[in-house]
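You will see two complexes here that share chain A, one where it goes with chain B and one where it goes with chain C.
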Partner chain A sequence: MSWFIALRAILHREALRFVGQRGRLVAALVRPLVWLFIFAAGFRAALGLSITPPYQTYITYETYIIPGLLGMICLFNGMQSSLSLVYDREMGSMRLLLTSPLPRWWLLMAKLLAGTLVSILQCMIFLGIAAIWGIRPPVVGYFAVLPALLVTGLMLGALGLMLSSVIRQLENFAGVMNFVIFPMFFMSSALYPLWKMREVSPLLADLCAVNPFTQAVEMIRFALYGQPNLPALGWTLLALVAFAGVAVWGYDPARGVQSRKG
Partner chain B sequence: MRRISALAFTLLASTAMADGQIWVTNEKDDTVSVIDVDTLEVVQTYPTGERPRGVTFSHDYSRLYICASDSDTVQVMDPNTGEILRDLPSGEDPEQFILHPDNRHLYIANEDDAVTTVVDTENRRVVAQINVGIEPEGMAVSPDGKIVITTSETTNMAHWIDTSTHELFANTLVGARPRHAEFTEDGTKVWVSSEIGGTITVFNVADQSELGKVRFAIQGVNDDLIQPVGMKFSPDQTKVYVALGPSNHVAVVNAETLEVEKYILVGRRVWHMAYSPDQTQLFTTNGVSGDVTVIDVAREEAIKSIKVGRFPWGAAMRPTSN
Partner chain C sequence: MADGLSIRGISYSYGPKTALNDLTLTVPSGRFCALLGPNGAGKSTLFSLLTRLFVAPSGQITVASHDLSQSPRKALAKIGVVFQQPTMDLDLTVRRNLMYFAALHGLAGKEADARVGAALERLDMAERAGEQLRALNGGHRRRMELARALIHRPPVLLLDEPTVGLDAAARAAITDYAHELAADGMAVLWATHLTDEVRDTDDLAILHRGQLLARGTAEEIRRGMTLSDRFLQMTGEDAL
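For the complex of A and B:
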């Protein structure tokens, strides 16, 4: 029972933070919208992109990058939410929570879930704005994308948790931007299809293909068109388990990095 | 979720789509591809003469006429077997043609000879050759069969032919390189598209006066690439779908105001179009990308592109009964 009280409390706190910090929502939406309205406009490719699954006909560049931008929302939100633990752990409510008798992994998973739900909400608002802009996947896509966003959010949140277990100061976020977020985002199929990357460098294309973010974006891309992409789902789940495993290990006071840092 | 969507799709498919085929000429492959409207897949490919372009069915769909431009002939194919039954005398380099409402006479534009040839498909004889402008291409016949229009690409004119005398009774200037003409269902207006001019000129048939021009502009696409060719009226005649060549778009034009309402992204270098039997889908031939894009007419959205042969050009519909 107390497990659920903790889960509810963490969800409630995340919801409060979400509602309370309107600026955060705006900031979270501005980033992908800038990419959609400005970057994609520059690269407009009004003459259409070649057909790659799940698309069945020619698409504009704006349509192509929507799944990548959904991934971007999950990526930044996952990082922010998890890295806020660095601060929370020192002086916030998580400090108290971590001292509770509940298992650490449960608390961390609750935190992960809370962050992911916020990501999904932001993604749906973004899809709504994209629809007004004229980019509309089939109706079934709006429902099918939910589980894909959940898995993506959890995976990227777990990555953030893993990083937060080794980062002691929030100032290191810049480092995370440089060494995690940017490579992950740019070395993926978010902005350009992998076949295009393969034309330039097969090695780079292979690196992109093993990037869990690429697989998450592809999973979202297929889901938006009501199609499952099982290999992408499998790879994302594998990454989720790996990141979450290291995070739980890292947060374990007996074994983790925390204890060594003392 | 998938099951629900699959069910919805099946329901939609069974109610909205009638059985039929779209026959597409492949200019470079010297073939015709047959697309099943139900499955949206190529079900058959038949060899034809060299460089097949214009294509149309006889009114009972028992014969397919194909302009084999580089073979200098119009071929007659049995669509049930794909067998070429005979070649019709067509004059040199036939590019487009139109079957008269009498279901017997073909009016053929002979690009190299600056003539329009009238061929009787029953006794396979040339009935008349009418001198028109240089490089004739677009052909249209009024619904009552009294007027045939030939457009000449180099003279930049629409030539008005009286079908009872086989003589020109009017010539009207249009934008540069006119390549296609289309009458309204009631026969009161005719639309002529000009590829290089990038415009469509709309004429009043009664006095051959110009009623207006349609102009195009696609955001992010150079004007030079906007080259209107094929046109199709919507079933209710309120809209006209215009294939815009290398701009890779089909424009939706309001037939009353002559304003463009929407541009639909399709494959590369779109030439001509054909409706599905129930007119809920429009099939566009995309020359450079070698495929046919299917447009959902109600939603005015491209839903699928189907690979066919190299350089697909003309398209014609044939209903089938299962």
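For the complex of A and C:
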């Protein structure tokens, strides 16, 4: 029982913070919107897209990058919420969380879920703005995308949590941008399809294919059209389990590098 | 005694650097124990071990008869902690912050309401319950941290330099309150580098470079000198 009381409180707190910090929401939405309105508009002419599943007709570039931008929202959120736990003003609240008399893995997973739900809310608002802009997946897509976003958010949040627990050098967000977010985002199918990448470099295309972010984006892409993409789902789940496992290991007080903090 | 805090033979190193060396210390119920040491003495490391942020490779910590490494959750449930860092969300109200903490300890509904109300009452903060934490001054925020640490009624209270950054009046208020809690039966471990927070009748442990230099009541240890001078003499470092 006390497990669920704690889980509910952690989710509630995150929700209150989300509502209370309008600036955070605006900042989180500006990034993908800039990509959608400016980058995609400019790129539209440069990149010819053929018809590949799940699309059944020619699509605009804006339509193509929507799943990638949803992934981007989850990626930034995941990194931000996990790293802020450790490095800045949330340090105290993280310590508080870890002194709760509940299993640590449960507390970390609750925190992860809370951050993910915020990501999903932001994604839905983003999809709403895109719809106003005229980019509309089928209605079923708005529902089918929810579980895909959940798995994606959890996977990327777990990645952030893992990084925060095992890597010493990522002391600031700039480092994370350079070494995690940019490579992950650009080495994926978020901005260009993999077959396009393969024309340039098969090696790069292979690297993109094993990138869990690519798989998450493809899962979202299919879900937006109401179609399951089981290999992508499987790969993303696998990454989630691996990242979460290392994160829980990293926060184990007997082994974790948390002990670097004097 | 059984309800207090007991630390036996704890050592800890960061790589080659020893932070704590074979530390043994007990804080019985009803006692206020000041852990006095200059910066870098190992106080924060000890607090991290006591709150299980990490665990010591050797030695044993028991909290209210629960071994911290064998039954960590039972032990943690018996500890209230005031960290150096603020733990509360500035954008949430005082009550919401406290309810969050209560929930982390498995308290909800009326029970949590009552506990939070009582904690606020005890620290004369009841009328501030609906305010955002941001609206409170530094002294009041610290008081809220203390109120928070007491919600689950722990028999052991740990405070890691709780008066850092406070003015004299706020410092005195919190120090007095912690002494009252000890008088009421709690085991209180108070880490500080400020000698004026220690009273003659308090238990005192002087920590320096990971070693315990002295252990006794403050009066015994200072040997007729001021505590500040005695501390300086023992550690060779400036105390305030």
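Some observations on this one:
The rule is short, and it goes like this: the second predicted complex is superposed on the first by the 244 of 262 C-alpha atoms of A that agree within 3 Å, B and C clash if a C-alpha of one lies under 4 Å from a C-alpha of the other, contacts with A are read in each partner's own complex, and residues count from 1 in each chain.
The criterion applied here is as follows: a contact is a pair of C-beta atoms (placed from the backbone, for glycine too) under 8 Å apart; a residue touches a chain by one contact, two chains touch by 3 or more.
Please read all numbers here as calculations on a predicted model, not as lab measurements.
In the superposition on chain A, A:G245 contacts neither chain B nor chain C. By the touch criterion defined above, A:P183 lies against neither chain B nor chain C after alignment on the C-alpha atoms of chain A.
With both structures placed on the common chain, the touch criterion links A:V140 to chain B but leaves chain C unconnected.
After overlaying the two complexes on the shared chain, residue contacts for A:P231 are found with neither chain B nor chain C. By the document's definition of touching, of the two partners only chain C reaches A:I5; chain B does not. In the superposition on chain A, A:Y58 contacts chain B only, with no contact to chain C. When both complexes are overlaid on chain A, the residue A:G175 reaches neither chain B nor chain C.
The wider contact with chain A, measured as residues touched, comes from C rather than the other of chain B and chain C.
Of the two partner chains, neither chain B nor chain C is touched by A:P202. Per the touch definition, chain A reaches chain B in the complex via residues 44, 46-48, 51, 56-60, 140, 143-144, 226, 228. For chain C in complex with chain A, the touching residues are 14, 19, 40, 44-45, 48, 51-55, 72-74, 76-77, 79, 81, 83, 85-89, 91-92, 96, 99-101, 103-108. Here chain B touches chain A in the complex through residues 1-2, 4-5, 8, 218-221, 225, 247-248, 265-268, 289, 293-294, 302-305, going by the rule given at the top.
Contact residues of chain A toward chain C in the complex are 1-2, 5-6, 8-10, 12-13, 16-17, 20-21, 89, 91-93, 95-103, 253-254, 256, 258-262.
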